[in-house]
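Below you'll find the structures, each written out as structure tokens.
Shared chain: chain A. Partners: chain B in the first complex, chain C in the second.
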Partner chain A sequence: MRTKARFFHINPSISYVLHRVLILFASTILASIIIFTILRILPGDTATIIAGKDASVGQVERLREKMGLNAPLIEQYFEWIKGFFTGSLGNSAVDNTSISASIWQKSLVTFPLCILSLLFSLIIALPIGIMAGMRTNKQKVDDKNRGIKINNFNIANFFDFILQGASAIPALWAGLLILLLLGKGVGVLPILPSQGFPLGGFGVSPQEAFVSLLLPALSVAIIVSSRIMRVTKTEIQKVQDADFIRFAMSTGKTRLNAMLKIGLRASGTAIFSTIALTFAEMLTGVVVVEKLFALPGLSSMLLHDIGVRDLIKVQSELLLLVLFILILGIVIDVISSIIDPRIGRRETKYYAQWAVGGFRRSRGSRNVRERGSA
Partner chain B sequence: MDNSRERRVESAKVWRKHVKRALGVLGVLALFVTTVACSKESADGSGNSIENADGKSKLAIALTLAPTNLDIRNTSGTALEQVLLDNVYEGLLTLDERNLPVPLLADTYEVSDDALKYTFRIMTAVTFSNGNTLTAKDFEYSINDIITNKLKNYEQLDRVKSVVAQDDLTLTIEMKAPDANLLWNLAGRIGIALDRTATNDLMNSAIGTGPFTIPESGWVQDQSLTLQKNANYWGGRSNERAKVDEILIRYIPDPNAAVNALLSDDVQVLAPIVEKMQDGISDADKERFEFLVAEGSDKFVLAFNNAREPLTDIRVRKAIRYAIDHDEIIAARGGKADLKLGGPIPKLDPGYQDLTLLFTYDAEQAKSLLAEAGYNDTNKLKLTLKYCATVYGAELGSILTSQLAKVGIELEVINVEFATWLQDVYTNKDYDLSLVDHNEPRDFSAWANSDYYFGYDNPKVKELYTNSTFAKTDDEQASLIATAAKLVSQDAAADWLFNYRTTLAIKKGVSGLRANSNQTRLPLINLW
Partner chain C sequence: MRVKFSIFMLSIVALSAVVSLFLPSDFGFSADGYSTLQLPSSAHLLGTDSSGHDLFFALIKGSLTSAILCISTLLLCFVVVFLLCMLISVAPKRLQDLILAFLDTMIAFPTLIIAMLIAAVAGGSLFVVVIACSVAYSVNATRVLSNEVRKILATDYVTSAVTTGESKPSIFVRHVFPSLLPLLIVQLSYATSSVLLAEAGLTYLGYGAPQNTASWGHVLSDSASFIRTAPITLLFPGLLITITVLSINVVGDWVAGKVDRFA
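Presenting the complex of A and B:
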């Protein structure tokens, strides 16, 4: 009891981290059970797929035996989860190649694709979002001062309108349009590869690999940028009447300068978490684009593996994805508290109080207040 | 002092601004230059095959359907035979352009008069890609392995009594009973030679005697297969080696992406190109390619569950066949390549005859048959169609729905993925109608097997088919199968929507590709 108390006494933020790691671990286990069970409900299995539409019943049964599909489910689960946590994902049930190798290979397509898409969408969304958010206020001021509307049209609102429309475009359609504009062999300005990814990837031909991701990234960016833009716009609108902006302007900053230096940071957490969540969503959300551009990425692999019922592979892929998103959540929290220190303090304070509460019950209430506010 | 400091700060600010701007402009420029450079680099391939920096000639082919894995001994599907047979693996016999067996690794062969003993003389000086020499022992091992372990297609060896290597170059196969299909079957995957000492993983690698080898990690599941020229190839029947050093086979299921790959010269052959996609190609682009319509054994079968109510009633089955307007279906798919098919045998297979006139489109006939069977407007016939719409096209389901609606049949389309189809339709036979492209050549046996998912059971057909397997001559076999096929069609055991003929798009200047049956066997040795 004493060691526990001392532990919390020394550093509440360690207990916070520890708590997060415990939650992470528990969620992973829970997710693994859900994934494993749901996948087993799917009709058909790898053996039937391999034996195909001219197979006898005996053949399927023999394959099942050979592939170990007849082993008790509990046994299969524990074998998998043990392998997962010891870092050996095993081999694909379909072609016996290393699962971790192929996940790694596909990640080297999907992650660059998502990062590039995100980059593009930030380039599109942030300036428009900020401008659109500010302009509305300027108009409001104008209206109030002069009692008349002077100009309904401004360029930011125009882009805002276009982007709202773009968010409604299906990815497939956006991709096709972009192909018709820039795709090699088909486009009006045929300069960028229309599909495919070099076999060796970034390791062998980085230039080619990079270029082949440009069009897919652009089509993803067009669609996701509207969401980032909308959040930026509302957040900017929210902070621009805040006191700290007025204070900043009183030091001689222009409104724009104050908004960029201080307003953006204040609204940064919301924008940042939207960006991070969009990224997480992209990892599996780009499947249509991957298909259209024939990119060998994570999401098309996942779809294929589910199709051939390579459950051993699918469950590891899904669990890794879950793990990634959970860790991303922690990263978002940490980075948010750096962007906006108020958040971090509140969070750690909460956990500190929670920890100290436990301590108080066991040790009495000496010095609690001091520690709580430390 | 203060003033100069301020000035310095000012000038630093200005400088920073300039540097920032310059960097931005440079970045954009760099992006543009790399883009243009890259696009130029790969647009150069104007010859037949692309010469690489290392002096190797390369070609790329786009196919649609990827094999599940490379396991020739367990994995079903023609996608596997298409790329591996004659390219990586070779057998005693192979199939020629007309789909007839001709010797390959067997120098000569003899069949005894009672058709109970086959003697094959094996070619000398043939080596596997791992360096081992091929002997009759390898065939003895390969074929016996299939029989004892009941590997893929072991049923085709049912009548084999023994397979024995008499010496290094002589293989005898003794039969329990004659089998008219044996030679043709031996030209398929059961007749290939595997090295009996090799221990490679058949699921992702292959060691054979063929003109190509698969390099380490040349197989990428669902993506591509790399074939490299086998420098030590024995030369085949015409004593030649592969003409191209490396062939990349890319699997592109998306028809758009496949056509884009072709147009941007990332692949030089597209097999097949979706018929409708040709309309989107400009005339100038069309000039760059040759389009070939190839004969093939793809049969789009609208399967009826003959063993389940109400399709046990022949009047219902016939009504459906009368209600289907095949011309409309073929026209909807493009209209130039697909052929009408009135029965289970396509043109290339033995026993083909034109059966398209047995059931011509006749809505009135269909209605009266349905009325006879007790269905009318108040008691509508309701059926479900379970099929993989993403593979075979959603338009087929909607055309069938509207055609059947015209005669008063309510069709509900259920889209399933292949694994579910295998479970529900193939294994559990839980379906009314289904739709599958049965692309295997010579697969009439399905109609003589009442356990198959068609649930079709006609003793007369069974007898005729069994007799055909004992036939002494090819003609006799063909006529027996033709008679049986006509019976199957008359019974309206299914409807054969069309014979899907693939269209190949080949870049002009590229030659040596065999078009016929390219979806089941695609020999690439002469590709250039």
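Presenting the complex of A and C:
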């Protein structure tokens, strides 16, 4: 997109950042309105539940007054959103603990869990995806014409088939099967504890915490890896016959070497954004696994808070989650344009250059060619 | 081969859903207290659960619930995606950008949590599962399809339709939608199969199918508590859900290939 002539010049990278931040802000406001409306339309009165069954009408009324539930909805909304943007989330209505403190504490369980399962799934998915993608039917025919012996049974294709099935497994079942295989007390190979995340978390006994996260992380990884594998496979297949791969091979690289050094980077954007989106989905998608393995994570907390109708806490937690995912979207765009110089808006590229401090300044001439197409 | 097997599996599920309409509600239930958590035998084909239900018949009854879930999600998603895509293709450029920004925001919402939220206040029911999943999946599907819609709108055959003076809704129905159909069917099949997984998860968390409804999720989450004493019971419900989900995806891909007019 060609930047229009303006009265005063704004650096394209800065205007791009401003643009994205503006959209982010608007999306956050929209999300907050949606969350607030959902939580307020639905029946079920927080005050009645907190006050208990034996409370009189007067007591409930006093509690409502104290919690600010009697104020007009607009006023409640602005009160909350003001607190959210100034960083003071307030206290839980039920047990009066600081909301931001408990979110931080629970994140220290969920984030390690998600990162660990992402690592596991990458270890499973990337090699299989690359191997399965590299042998296409066309290539088999080529091999046959050249008189190379065809190996019909390909171990990568076998794993590919297995992993496709894995994507259809319910999370609960994956957790149970992993327990039956490796869980202490029930499993065939009882080597890993199924439960018992230490109370202090990583701060007190990091080793114990790490070991207790292994099983849940594995069961999440089984399900998640199939999607990453599939994207890797199709992306690798796409660049199989690209000119740059042929060129790299003509300089003496083996096909595998060319694929790993050049093909992987060319298909890197799709793989990377799949990985990032998977991570975002995992944050709440692990709720079943967290419950099965009794982990005190973010989604367990959400589950509990929804159960006791702690609406004020739930709405802040939800908005934080949505905000995190929205920011992740921007990060994906920026990193994608760093990985693959062919894609992205020109402004993104400027921003990427700006962000990495002239990392690609020497190749700046490339932009001239792409100016028309973006 | 895979397609034939998938169609076979889905027709078995559909058949058992129809059969379960005619079964009495306590069919396959032995309340004698002795035949709980039994291994598979000739009397109980897949064994029994903790309260003496025959697992085989429990799964057959559950298939009705699954069929209802799948069909209603499929229909609801289709209607919502159709309307949203039509809106995108009819709207002027500015409005398109607005709709896409709105969809991007909606995608950031976690599906399961929203379903739990609705279920917590409205009471857990199949209706809630269907509504929450349909909204989430149709937003996802529309986001994927919107790029395709824009691509199709830029093709020559649409331009020529515009120059002949066709109205925008008519262009969508006659030219855009048929080209969109293969991708749409794939997305719908993912939505349809995911609702089964969502039901299993939500039921385990206590927000899915209500207690008195037979469902695969119930059978699976019941077996979870008896993993130490009767690990064999958790094999069949999970396997059934997995195979059904896979079959729906495979059949979806197959149908998409059949209706693709450029293939």
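Simple rule for what comes next: the second predicted complex is superposed on the first by the 306 of 374 C-alpha atoms of A that agree within 3 Å, B and C clash if a C-alpha of one lies under 4 Å from a C-alpha of the other, contacts with A are read in each partner's own complex, and residues count from 1 in each chain.
Operating definition for what follows: a contact is a pair of C-beta atoms (placed from the backbone, for glycine too) under 8 Å apart; a residue touches a chain by one contact, two chains touch by 3 or more.
Since the model is a prediction, treat every value here as computed from it, not as a measurement.
Trainee: In the overlay, answer first, second, both or neither for which of chain B and chain C A:179 touches.
Mentor: The answer is both, since A:179 touches chain B and chain C.
Trainee: Figure out whether A:246 sits in contact with chain B (first) or chain C (second), or with both, or with neither.
Mentor: neither
Trainee: With the two complexes superposed on chain A, say which partner A:40 touches: chain B (first), chain C (second), both, or neither.
Mentor: In the superposition, A:40 touches no partner, neither chain B nor chain C.
Trainee: Between chain B and chain C, whom does A:102 touch in the aligned arrangement: first, second, both, or neither?
Mentor: Only chain B is touched by A:102; chain C is not.
Trainee: Answer with first, second, both or neither: which of chain B and chain C does A:59 touch in the superposed model?
Mentor: It touches chain B, and chain C stays clear.
Trainee: In the superposed arrangement, does A:82 touch chain B (first), chain C (second), both or neither?
Mentor: neither
Trainee: Looking at the overlay, does A:92 come into contact with chain B only (first), chain C only (second), both, or neither?
Mentor: In the superposition, A:92 contacts chain B only.
Trainee: Applying the document's definition of touch, where does A:292 land relative to chain B and chain C: first, second, both, or neither?
Mentor: After superposition on chain A, A:292 lies in contact with both partners, chain B and chain C.
Trainee: Contact-wise, after the overlay, does A:314 reach chain B, chain C, both or neither (first, second, both, neither)?
Mentor: second
Trainee: Considering each complex separately, which residues of chain A are in contact with chain B in the first and with chain C in the second?
Mentor: In chain A, positions 42-44, 176, 179, 185-186, 291-292, 307, 309 sit in both the chain B and chain C interfaces.
Trainee: Taking the touch rule as given, give the residues of chain A at its contact with chain C in the complex, in rising order.
Mentor: Those in contact with chain C are residues 23, 26-27, 30-31, 34, 38-39, 42-44, 164-165, 168-173, 176-177, 179-180, 185-186, 280-281, 283-285, 287-288, 291-292, 299, 302-303, 306-307, 309, 314, 318, 321-322, 325-326, 329.
Trainee: Report the residues of chain B in contact with chain A in the complex, numbered from low to high.
Mentor: Those residues of chain B that touch chain A are 34-39, 41-43, 68-71, 74-77, 150, 152, 155, 201, 203-204, 219-224, 226, 248, 250, 252-254, 256-258, 260-266, 285, 417-420, 422-424, 426-427, 436, 438, 440, 443, 446.
Trainee: Contact residues on chain A for chain B in the complex?
Mentor: Residues of chain A touching chain B: 42-45, 48-60, 62-63, 92, 94-97, 102, 176, 179, 183-186, 190-196, 199, 207-208, 210-211, 214, 291-294, 296, 300-301, 304, 307-309.
Trainee: For a test of understanding, state which residues of chain C touch chain A in their complex under the given definition.
Mentor: Interface residues on chain C, with respect to chain A: 101-102, 104-110, 112-114, 116-118, 120-122, 193, 196-197, 200-201, 204-205, 220-221, 223-224, 227-228, 231, 234, 237-238, 241-243, 245-246, 249.
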